[in-house]
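The structure appears right after this line, and notes come after that.
Chain naming follows the written order as A, B, C and D, and within any one chain the residues start at number 1.
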């Protein structure tokens, strides 16, 4: 790593809240500071997404890539290797501990999977070497089974058995790679596992194939002794009109239907939550309460926009409420916060790569600090405890304990007048709670 | 039934497709005509929704009711009784066989549930009497647990145990009523079973209460020997910001989590599907393939509008594709097609009640005819069979039979060149299929 | 005002940021504090919406009102008068200077407009009397032409000429009232001025009638010497499927088409902006840059929800960016910030009326402080100035001055290589700017 | 044209409605048949979009192109020329009379505009030659000012003056080309004329530049004697977060603000209408009633999907209602129906290019036939005439004639009782009209 790819940026230090203008310093992320009993770096387990940060050129469906990158001009394996070198310089300067990658982000395809795997192995050898030197870890890796035209109608849910076979072979290599590079998790985002039209789709047969595929993957992971978490990442639509892993609840239904809920957990993304009509907090809570919270793709969308923006997080409300769930969960375990995010196409300089990660890391760090403070003061906890207190004793406790039935409850309620029933309800105080939340954000982050 | 409530409208006859203008005659609904092996009336099991048709005045959040109804001016039990009389005249003139009702649609509340039940019982006595005279049946009844302020934060998921108890007592009466009037189904639409804000909500505790409630309801139904189907009706939002029964898949996850999937099935509504980001066909297919298709609320929304319109169905595409799933399902069993729909607020005359049901009944009748024709000619069936044929033998059959694993699949795929893989895929022909669908609609309905 | 309606709440003082829990004190709103050259009260001109705060009971389309109000139980003119008394106690305790009302909020209808006006006049006499005693002012009044069934298909755009006439008479009284109570503005929100279906609508004829109506209103205002601003309030849909004043731009097109842009300005609401697919800032900027910014309805929606929530504002981002436009505009002139907002249906106590206004007023006060700081430091101004600087001299200045045409520009550009063209573009730095915005919010509000 | 590019498809004949399966024949499009006083080909003026049909490979943001095309493997000018040859074979086989193209669709860019224009000129020479041989016409051409990174922040609204200059030079060539190839129209779709964030945008300055650009374009068109229509094409978002030409009404506001409404008209697209929250009919009617209907991009979206699908039209309702407006307009004049549409990515064979155009052409042909029948029978016309008849005489006529004011209207209305006012309103009969529409579709198309 003697060559410098980002000569204009030095290691990003923690600088605190002195300067109002954004710059190359963290206002909140102080990696080794212990808060709520853990180092910030261990609460977060921040990860850089290889595809967005090193793999893509900021193209969109209406335009070519705008990105100015130090590796522009290179091709093939030369490009792939330069990106590896640049990526480790980037991680080091950012002070992140993890990265995530798809197989196809890091090395080019050959004509056969054997040739493709050879390229991949050569690059992952480099990863292993650099990881040894630097201590960097892989949060997760995954297989890109949506870009190549062979996956036009899905991979494991493809109507074409040869494609299923190819996908299996590709994920086999993915799991081998996960073991090799020590990935904490292996992720399945169902790129084209869904349908474009019900007119030509056997949804049940496709879902059965998909389930079978996940079982085979888990079997293979076990066989090779891979101990990372296996994760499914929901998204409701795009590129397909309907994706089978629509949202957390839909994916849980699928997992329960096919006996996968003991083996797989969820990787949840903010922008995907919004596209499904949910807040990010909703999706995380749904998974957490089901015991299935695996890892987070930390990004944000624009709720007025109907496609996946993968913006870097900057919204302190969303980050606070996401981290609130993480704190409730006691942290993310093997999971982490992966920035499945890219700078806007108009933020095309190398410096923007740093600015974008800084706003993302500082926003979630701020969110963590506010969440811990809210928990410490039991702000919502006490309110909620009081709100549901009628279930802590008496009739409510009997209901929870299964000691009553419709007949006993009927006896209890049948002569209660409306005034008494109304008196049993309490204001939910949403406006007051939102005001309090504002105060906690400001006071904690000042 | 000597008094006439709708003197301007006679019994609606089947008239066929001669007249182009809509009028008081069916173009497609020929109740006793046998198609696809059943009478049209038995395929459809059309039901009038008491609340929309007799219970409401076409108010909206910005305006008072506009409806001109023969019972305007009456109040209390007089009003309730007049509506019963008028309703049976309406059923008779429409030629429908079923109706559906909430408890609070048909009789006014008293100060206590005991008083309320007394009113309800008096009206359901009338129902039973009129049913005997006419042969009319109840498709389903349900409990309104969302209008009264006591349900401000839910019923079975209320944070307040007294409200849970009241809800239990109310549903007890509802199930007793179901047995009394012979309802084919008993429905739970989770009016306010959801949350307004996660800041003050213990989602898990609420869902556990909800599940417990459904178990108690099933127990009570069993105890009294009620043999109708128990159904949950999904809706994603409105009135709550998030409703727990968001869509079919979410409700299936809930049912599986709490062991309710053997006891309950689904009642699916078109407009609710759209609000959740799905087509109606998607929701029906999801339920059908899970073996959980119970009954249908036949209405439509406007996908550009973000609230529940409950329009009468008029879209031949949606009706055809919904009925296609029904035909695939071999009919609806104990379920039926309930018009959970109201005329627009500007369609305020009694005549509009008839026009609205006519367009709804004819649209679904047309949909049935087209669906049967498509099935008969195996239009989509053959296409789908061919599309997935690689799973019928060889490698695909081995995959389905569980005879292969990642290693054998890897051996199969690892040296296949890209050209061979691409050759394994086939065009999905969506444009061709849509064109064919148009032709079937026109040719069948001419 | 000897009777006390809200005995549990005293006058809300400014308390500063000491206490983290929301309570009956302002953290940011310090009415007489001078910031940016004006008192906070004069920047804001906060107004209470009579309809939401005193007129309604927190019902929704699925449920009856839940509100516990000190006037519950009263009816008719007794109710109307009690509300007046309570309202002035509320204004006083909140420390707001303005209120807004519809004619139908404040007094009941009679059978004829003459009787209705008599009721209204009696109440507005009370207003005038209380205004004298307290110094309270009316920000705007308006006519409710959407609730009564006679307006089923619109008022000024009704297909029925008698309804147009009635609407004209009603607005005549409205303008007389505006003059009498000294309203700073008179507002037209087009409740049902739109269509439910194009199949039965002559859109052009309806819009011509609407324009004629606005001209007559302006003529009448002039005739009686009413000097307040006349304002149109856009909303895209709800209750109608399409409302003619869809958004700011659509309303500007309408105003320009019918020669109304010299006479009318815009009243813009946050939730309406979102329903039209825009941010609130977008709508305000559109109006501001057109010279048509009249007044603001300060509320917020939930962008994942498709109907009008009219939430009290609590989002510091939206409030900051809205106030940024207000500061750019040099204030709101005769306009103000009216809380067209209601507590959630589950926030049903009288105390919630206060909490809700507190979070609203503090959020916009906070927004003002941040906006002034951003302007003072020219944070966005300098960035924008630099970004467009190529238009300040040379070719860009010639373009703006109209000194060039396609031929001279062709000569300039035709031989420029791609590298030179790319070098003319600069990063938009969106991520950096969002990070900076976070810092300004925190640092200003600490 | 001796080489055959599409050997598997012959000229598509009119075959009528005999065969139910879609195939290589028109069921409704009978080009020279006279209906409603014109040949079908002249009502429609169908146009193939060069970019979708010959220029693209069916890639999407998550995947590479899947299209199997006879020119795959060629590059540079060889590719460009092969596409020209193939395109004319395609037009001939389809029997369409027009095509549309962007400059960058048809020929590759060089390093400078001079080199780029040279390539373009060479291809448009071929166009002219083939047009002479075949009689094919260009409906419109346009400039792609969104793909190249130089347009990252817009073209005429770019913050960078050099880019404005380049855009001007590019459109100069575009107008020269329009004259050369005889385009009936020249279209401006504002690809990146909008903003990504208001934080870094001077919206007014950008819009002033845009307006200036359109004036210069119109001046140059006049100068060279180009007599085609100049058209703006609205789209609300994508690729930019907000596009300045949001919808028809917004574009009309812009045109009126900057004095462009005498010079420019509108080109309206179905999918863009939906993305803006409107039906296609709404957008066309808005333009038609403003006298600004220029041309149509005939495609459809999926209203449950938030991005631009550009599907080929297959919905008989939308096509009928769009054509209803066209018939009301007396045809499209210089405009036409351009299929701004592509087969789905999974419809990747050359045959799908034909199937897709067939469903599009037949759907709009069907729509024309239904629309003419509806007009002939005055179905909606008579209903609307009756609905608004109170404005044809008496008070209503006085209102329209400007003979009344608020005072005279007040005198008229002030003593009318509620019963009389209600009696002045009539049911809108939406359900009945929708049923009638279904009957007309079926009966006309059988």
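We take it that a contact is a pair of C-beta atoms (placed from the backbone, for glycine too) under 8 Å apart; a residue touches a chain by one contact, two chains touch by 3 or more.
Being a predicted model, the structure only gives us computed values, none of them experimental.
In this entry, A-C is the pair from A-B, A-C or B-C that repeats the interface of B-D, since more than half of their contact pairs coincide by residue number. Between C-D and A-D, more C-beta contact pairs are found at C-D.
Rounded to a whole number, the gap between the C-alpha centres of chain C and chain D is 36 angstrom.
Inter-chain centre distance (chain A to chain D, centres taken as mean C-alpha positions): 40 Å. Multi-chain contact residues, meaning those touching two or more other chains, occur in chain B at positions 148-149, 152-153, 196-197, 237, 277-279, 304, 344, 346, 348, 428-430, 433-434, 437. Within the complex formed with chain A, the chain C residues making contact are 17, 19-22, 27, 274, 277-279, 303-304, 312, 314-317, 343-344, 346-349, 351-352, 355-356, 358-359, 362-363, 366, 377, 379, 427-443, 445-446. Only residues 60-66, 146-149, 151-153, 191-192, 196-197, 237-239, 241, 275, 302, 304-307, 344-346, 348 of chain D touch chain A when the two sit together in their complex.
On the chain A side of its complex with chain B, the touching residues are 111-114, 117, 148-150, 152-153, 158-166, 168-169, 171-173, 175, 196-205, 207-209, 212, 216-217, 219-220, 236-237, 242, 246-247, 249-250, 252-254, 256-257, 276-279, 281-282, 285-286, 289-290, 321, 380, 383-384, 387-388, 390-391, 394-396, 399-400, 402, 404-407, 409-410, 412-418, 420-422, 424-426, 428-430, 433-434, 437.
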